[in-house]
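As written, the chains take the letters A, B and C, and residue 1 is the first residue of each chain.
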Amino acid sequence: MSIITLTTDFGTKDHFVGAIKGTIYNELPNARIVDISHEISPFNITETAYILKNAYKSFPEGSIHIIGVDSELNEENKHIALKLDNHYFICPNNGVISLLANEIKPEKIVEINIHDRIETSFPVLDVFVKVACHIARGGKLEIIGKVISEYKKMVELQPKISDDLITLTGNIIYIDNYGNAISNISKKVFEEVRKARNFEIMASKYHFTEIQNKYSDIVDFSLPFDQRQKEGNKLAIFNSANYLEIAIFRSNLKTVGGASTLLGLNYRDTITIKFS
Amino acid sequence: MSIITLTTDFGTKDHFVGAIKGTIYNELPNARIVDISHEISPFNITETAYILKNAYKSFPEGSIHIIGVDSELNEENKHIALKLDNHYFICPNNGVISLLANEIKPEKIVEINIHDRIETSFPVLDVFVKVACHIARGGKLEIIGKVISEYKKMVELQPKISDDLITLTGNIIYIDNYGNAISNISKKVFEEVRKARNFEIMASKYHFTEIQNKYSDIVDFSLPFDQRQKEGNKLAIFNSANYLEIAIFRSNLKTVGGASTLLGLNYRDTITIKFS
Amino acid sequence: MSIITLTTDFGTKDHFVGAIKGTIYNELPNARIVDISHEISPFNITETAYILKNAYKSFPEGSIHIIGVDSELNEENKHIALKLDNHYFICPNNGVISLLANEIKPEKIVEINIHDRIETSFPVLDVFVKVACHIARGGKLEIIGKVISEYKKMVELQPKISDDLITLTGNIIYIDNYGNAISNISKKVFEEVRKARNFEIMASKYHFTEIQNKYSDIVDFSLPFDQRQKEGNKLAIFNSANYLEIAIFRSNLKTVGGASTLLGLNYRDTITIKFS
C-alpha cells in the first residue's frame, strides 16, 4: 500500500490534519500516512519547497505527497498533480514544485479538473485526498486532470552568478529548529562556480573563509575542555541537505540563541560569496 | 481494526502521548492511532468541542475517540463513554460532548465504573485506553459502565436569538492556526434566523455586510495585481466547518498578523448580527 | 513487527523527522513508528532522559527506541546501542541513558562501529535508523558494534541525601506542558529517606508540608463553588511518573500561568526537603 505524506501550513492544533487522515482512512483503510510538516509559515512557498525537497527522496518510490500550502483554488491558483523521480506530488500550481522540478524533469504533469464535481472550501481534504487515493489505487493522472507541459516557476529559489564569475549571491530560504540560517546555495553549485579558488562568505556583517562538514569540526578536541570552542560560536557549514548554512554551535533559540537571532539573519537576507 | 483517535491538551513535548500510544499497541498491536490534536489550550472544553466536532465525522464509522482534556476523576467530574452517530467517544462528563450531542442524540451513554480496579493519577492512560481497547475488541459499553440518560450541558456553545428575531448573538469559540476568529454561529442557524433579510455583522468595532465562501472571493482578479485586495484585508466567511469566521486574507500570526491580533478578537468575545 | 520510537530535539517543522520515517519505511514497509517527542530543548540530555524513562515502559517488550539528541559523532561522543529491560535503545553515549540504566542494569551495550561504511552529517538518519532496522529484523547487537561494559553517567540526575539524613536535595529536571516543575526526587527515594517523619519542602521561597496524589485533592468539594480552591493555587504532588512536582492547579502557561512562571521555578533550580 502506498505511503501518503502530508506537508501543510495547517499547524497541529486545529482539526484540519485529523480530518484529512480520517478521510484517507475512510477510502484506504491500510494507508500509511506520514506527517512531513504542518508547521510551515502560513502561505510560505519557499519554506515548503525546501522541506519537501529534503524529505521526499527518503520515501519509497511510488509515495504520494500532498502539499497543502496556499492551496485555495482560484483562477490564478490551479491544482496540479505530477509524477517526478517516481514520486507523486499533489499541490497548487504556485511554484512550490519548482525547487524539485528545476533539477529533475517531471515525467508528467496534469492540471486537476475534478472540481466541477466537488463543492469545497477545504480543497486539501476534498480534492487532494481524492486525487491521492485515486493514485494509491493505481489510477492514472489523466483520469483526474488534463496533461500540461508547464508549471509555475519560482525564480527566487535560484542563486545568481555574476558575469565575471567572481560573485555568487544567494538568499536565506529557511530558518531551522535550531535557528540555523539556510541559504539556497547548494554544495554542487558552490563547487561548480568555485573551481578550487579561495572564497569569502559574507552574511550580514559576518565573514567566513571556511565551510565545515560537521558542527563539531570547529572544536579542537586536543585542547583542555575550558579552552575549546563553545556553545555560541558561529560557523558556515554544508548541512545534511547539502546547502550552505550559517550556524551557531549548539544553538538553542530559547537559551543561548541561534544564528537567526544572534547574527540577525532572517528569511530572504542575502548571502554573498566572493571567489579569488 | 478500529481507529483510535486522540484529542488532548497534553502538548507533544511531554511523554504523555507516547506513553498512551505504547499502551494501546501493547493491547492492540494492529491499532491505527491518529492524533487529532494535542495542542488544545489546557483545560479548554470549548476548543476541544469545536475541534472534535469538525474532525470526528471524517473518520470511518466505529472509530473510537479518546478526549483527554480536564479528565482528572473527582466527585464532580466523572468519566463517560458514549455511542453517537456510530462513533464512540470516551471523555470526562464536563460538557465537552455537548456541541456534538446537541445536534445528534447519543445512542447510549455510560458512566465508566472500572475505577475501583485501577489506581491512577493518569486516567487517560489507565482508564480511557482500557475502555477504548475494550470497545475496539467489540466489547459492550455496559460492561465498563452503567447506563445514564443525561450528560453535562455547556450553554456557552449556543448562540442566542433575540425575542424579536432581529439579533443573533454569538461568541468567538476558537482562534485557529492563522489567527482567524471562529464563532459559534453556524451557517445553518444563520440562514434559519435570517430568512433572506439583509444583515450586518459586528465584531469588536468592525462591521461586515457580506459573508464570503472562499478567502480569495474578496480578490477581483480582473484588476492589475497591484490594485487588488492584498494580505491584511479583513473578511467574514463561512469556514470549511460552516461556522461564521472573521478572517484576515493570507494572515500569518508571525508576520502580517491575523484577525485575533489585528482586529483584537479574542476567545469569548461577542459577535452580533442584526437583521433588517 | 517491532515498534520503533523516536525521541529527538528536531522539532516538527523541519524535514528531519519526515526523512527518518521515510527511510524506515524504505527498509521496513510494515514498521510501526511512534513519535515520543521531537520538542526536547536542543541538546538537553536531562529532559530527554526524563521523557524517555516515562514513555518507554508503556511500549511492548522488544520495542526499539531511537534517541536523536546531541548525536553528532565525534571523538568524545560515540554512538551506542543497548538492551535494557527487554527494550532496545540507540543513542549517543552522552549520559542520556543513565536515568534508566541507573535503576535497571543493561543486559548488553555495544559501541556502534558501522560508521566507516557511512559518510554522514545526519547520523540519526544514516546510522541510528540502520541499526534500528537491523535490530527489528532480529539482528544481533554484536554485528553493528563492539560490546562495552560502561556507559557515560550523568550525576546531576540523582538527588543528594545529607549525612545526617535530615535533608534531601534535588533539582528541577523538567518543566511540563502545563508549566509544572518536576524534580528528580522520586516517591521511592522520598519514602526511603523519610521513614515516616514529618517533612517540609522548599522550592524557591515557597514551602509545602503536604504532597497530593491528585491535582484536585486540594479542592474541598463540600464547600460552595465560589469558596473553593481555584485555578492558580500551588501544590506539591507526586505526578503520574511518581516524581515530586510543584504544580499550579489548572494551570495554563498562556493565561493564568504555571508553576514555572508564577513561582519562578526553572530548570536546574534546587528543591530541598527537610525531615523532622
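The rule is short, and it goes like this: a residue touches a chain if its C-beta (ideal position, glycine included) is under 8 Å from a C-beta of that chain, and two chains touch if they have at least 3 such contacts.
What you see is a predicted model, and the numbers here were worked out from it, not measured in a lab.
Here the C-alpha atoms of subunit A line up with those of subunit B after a rotation of 120°, rounded in steps of 5.
Comparing the contact residues of subunit B and subunit C by number shows a mostly separate set, under half of all numbers used being common to the two copies. If you average the Cα atoms of subunit B and of subunit C, the two centres end up 31 Å apart.
Looking at subunit B, residues 12 sit in touch with two or more other chains. Residues 9-23, 25-26, 29, 41-44, 70, 72-77, 120-122, 125 of subunit B are the ones that touch subunit C when the two sit in their complex.
Those residues of subunit A lying in contact with subunit C across their complex are 3, 5, 7, 12, 32, 34-40, 50-52, 54-60, 63, 176-178, 213-216, 219, 221, 238-241, 250-255.
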